[in-house]
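In the two assemblies presented below, chain A is common to both, partnered first by chain B and then by chain C.
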Partner chain A sequence: MEFNYEFDWAIPFTDPYLGMIITGIKVTLILFAATTVTSLCLGTVIAIMRISRITILRAAGTLYVEIFRNVPGLFWILFFYFVFPELLPEKWGQALNHYSHYPVVAGIMGLTVDNASYVSDILRSGRLAIPHGQREAAISTGLGRVQQYSHVLLPQMFRVTLPPLGTRMVHNFKNTSLCMAITAPELTWATQNIESLTFRGIEATSIATGFYIVLAGIMVSIIILLEKYLKIDVSSINQSSA
Partner chain B sequence: MDLLGQLVNIKFYLLGSYPKGDVGGLLLNIIMALMALGLSFGAGALLGYSRLSCRLYIKIPSMAIVETVRATPLIMIIFWIYFFLPYIFGGNVTLFWSAVVSLAIYAAAYQSEIVRAGIIAVPRGQLEAALSTGMSRYKAMMYVILPQAFRIMLPSFVSFFVSLFKDTSTVFIIGIIELTQAGIIISQREPDKIYAAYVSMGIGFWCVSFAISRVARRLEERIGVFDLESIRPDACRDEFMLLPREKKTGEGMTPAACEPEDSK
Partner chain C sequence: MIKFIATNKWFKDRHVLKNINLEIAKGEVIVICGPSGAGKSTLIRTINKLEPIDDGEIIVDGMYLSDPKTDLTLLRAEIGMVFQHFNLYPHKSAIKNITLAPRKVRGLSKNQATDRAEKLLDKVGLIHRRDAFPVQLSGGEQQRVAIARSLAMEPKIMLFDEPTSALDPELINEVLDVMTSLAKEGMTMVVVTHEIGFAQKVADRVVFMDDGEILEEGTPPDIFVNPRHQRTKEFMSSVFHIPIFDANQEED
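Then we have the complex of A and B:
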């Protein structure tokens, strides 16, 4: 095997480039943390809409999922960056366009709406996995509608769906790299920037790839640990409800 | 009304500059997704099957490959294949093939998970019965387990195809004129109608993936019902869950027996 390329590992660690990578890591983590929180919230709301008894809410939730799930996440990121400011009143749109962190904000919005549709689907299937008796027991102890969800159903929904939710969040973490398309200064963008400035992007890209793999690995192991810690013995629940 | 105005460009959205130039637009997305799925199927099946192997020297490398690819963003795989491998090893890669190959690598990792889950989902009794009729392990796999496993996997494959189709939009980053890039080009040509260009792009993606996901749901209904109700006896239903998550206790002869964790 012959290498046409001489590696120079000093480059990603010299002055302007190291800063770019560190900023990139920061922005990636910000994007990931923000979208995790927002998409979990939005996804929960939509999941509750989709299992509610009110037809309009259910239809709206289903519509949301059908629209957002069937279009690539990249599209929503581009949409919020290029189109969303146009749809707003002119003054707001211009303010957004001049806002220097708007790429990051648009990335957060795009990733959120995309991820929330998956989260709501997962949570909804989790609701279906909870035995009827749980709801009935909640009603019979006198809990109101909101309390039924907040105290009985939602905690179980999250527990049951922890493995698929975790996989989804890892996926979401990888999807933050799509934000480079709208020049959000996250890690992938930083490596491409270094590549275009120095023509020596391989080292930086290796570091970035390693970062993604290691962080995804850490997340997966946290999820496996959580899963073991929170595991419910489903068979015992089914027996007691039968 | 701007949206209707986009009908002028509908050929560019759907086919790119096809008769005069390369195929592009939505058709290219579909072609790339199909080719990536086809190319990666063998590798995916092999990886998925070897992850179930009891031999650690087969199991661990395949696990490492799958987990590494699954932990890497698709965009990174595309950059590696398109920019850096030619750098390192020399040679030239065309735009289209580098996109297809990187999508195939990405797809292989995910397909291997589907194959693995499908094989685990075949009831253990099937393998035991096959072995007890005197089949070799290879024959039992080929004639008994895999045909059933593929039936179980089919809906997952179709829904994975939807997600792969959506992921083909990512390759616009290296300048392939597929639907995303087509929309961007048109939106730059007519900057006052950005909204219309993007919405038509979205509608293109939506129609195709909505149609395929409907097919996936149909398959899920049909195959799921058929498997659970008519083939499998009621007596040991929990053995036959489509995706068993818990480790089976007791010793068995299936490859699944040495499979400790169903990760993630």
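Then we have the complex of A and C:
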């Protein structure tokens, strides 16, 4: 088969295309950083709701996970971009629609609710892995419910679930590309834009691919380092007696 | 200090504490023994309300446990508890295990809490292991840190739930030594243990439980040497294999 294509690697590096790629990288990193923080926070709250003793909180947490995990992430990104402003009072909705960075904001919201559902599920499994004696020790020294979580349970939940949480964050990083559907100028959107303007999509996409591989690789390395640094030897966690 | 009044508890339809009446005075050391499943652990865990009771009343230092207005945090801050499996926080060093509750519950500054923790680590002979993590400590060391962690709250009562049952035989004494010195200082202690030697040396009273009931209570010689109940006699001879019966027979 003849390969009838002449590469022009200079194009993505010339003005204005280089600017698009740089902006794309920036926006991708912003989407990733923001959603990492927000989805960890929201996911932690949902996880605590799901292991709460209070039935209504537990039910609400479970409902959240069932709704947001069982619908594609792309749907939530589209929802927050197209539908959400319409649900708000007209003034607010129009303000959002006219806000030039709203695609990025809607992308952050969509990615957050999607990712948080997974985060909460992972953290909940982490809570189940902590022996009952840990909480009893905390209770018996007089620590209150919030302190039990903040100083004893949550630190262990995050440590125990670091490997699956890390994988989840890499997923979330890749999912930022879905925001191209709502014209958030992230990296994938930038490559598609360059493609449509210059027909040099292969070059632009290759550069983007390289960036995704390198950045995901860095993330995985950081997670592995964190795992080593924060590792809890399982043998130190003893089962509590009945 | 601690008073059980007609206390009953059920796990579903299993009657695990049957009409418990027991009074423990300030400074007393009580050893609870009996076969497994007798309700010893459940009994000790009701004192700081890790297990709620279904019927009756427990009064601890003037606080009524069945009263919903009782401040459980205050109650638990005054009662130290040591567990069979130590339950140290694996993500915190020995010193941080000890300083957590004094700082968060008692409101001590970091320096105050650290000073207090270092004194206690010194007392249990582990000041050199100050920054070690639980995984780096032997079972005996972990249990001594756990005792220091409880003492850091300056409790009025210390509960020990089979503190040496998970330890290798040669590590048991280092924990018992700490407990013995604590008893000598006048701490009110309730100890679930199978260590008869410790009970004989340290206990003011021994409580024998079977099947959720207190069968008998008395001084260590009363229970170990001259038990009144047949069940206690069987238990002492068959489970502990203690030569004390022989010594007694020689006296006869």
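The working rule: the second predicted complex is superposed on the first by the 237 of 242 C-alpha atoms of A that agree within 3 Å, B and C clash if a C-alpha of one lies under 4 Å from a C-alpha of the other, contacts with A are read in each partner's own complex, and residues count from 1 in each chain.
Rule of thumb we're sticking to: a contact is a pair of C-beta atoms (placed from the backbone, for glycine too) under 8 Å apart; a residue touches a chain by one contact, two chains touch by 3 or more.
Note that the structure is a prediction, hence the values are computed from the model and not measured.
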So, after the overlay on chain A, do chain B and chain C clash or fit? They fit
Original post:
In the superposed arrangement, does A:V152 touch chain B (first), chain C (second), both or neither?
Top reply: second
I'd like to know which partner A:I213 touches here: chain B for first, chain C for second, both or neither. first
- prompt: Counting only touches as set out at the top, which of chain B and chain C does A:L78 meet: first, second, both, neither?
  reply: first
According to the stated criteria, A:G133 is in contact with first (chain B), second (chain C), both, or neither; which is it?
second
Between chain B and chain C, more residues of chain A are touched by B
### Query
Which of the two partners, first being chain B and second being chain C, lies in contact with A:T141: first, second, both, or neither?
second
**OP:** Would you check which partner chain A:M180 touches, where first means chain B only, second means chain C only, and both and neither mean what they say?
**Re:** first
Across the superposed arrangement, the tightest C-alpha approach of chain B to chain C, in Å, is 16
Dual-contact residues of chain A, meaning touching chain B and chain C, are 235
Within their complex, chain A touches chain B through residues 1-5, 66-67, 69-75, 78-79, 82-83, 86-87, 163, 166-167, 170, 174-178, 180-181, 188, 191-192, 195, 201-202, 205, 208-209, 212-213, 216-217, 220, 223-224, 235
So, in the complex, the side of chain B touching chain A is made of residues 67-68, 70-76, 79-80, 83-84, 87-90, 162, 166-167, 169-170, 172-173, 180, 184, 187, 194-195, 198-199, 201-202, 205-206, 209-210, 213, 238, 245, 261, 263-264
Per the touch rule above, chain A residues touching chain C in the complex are 131, 133-134, 136-144, 147, 151-152, 155-156, 159, 230, 232-233, 235-242
Residue set of chain C touching chain A in the complex reads 41, 48, 50, 73-74, 76-77, 79-81, 83-91, 100-101, 104-105, 133-135, 146, 149-150, 153, 161-162, 166
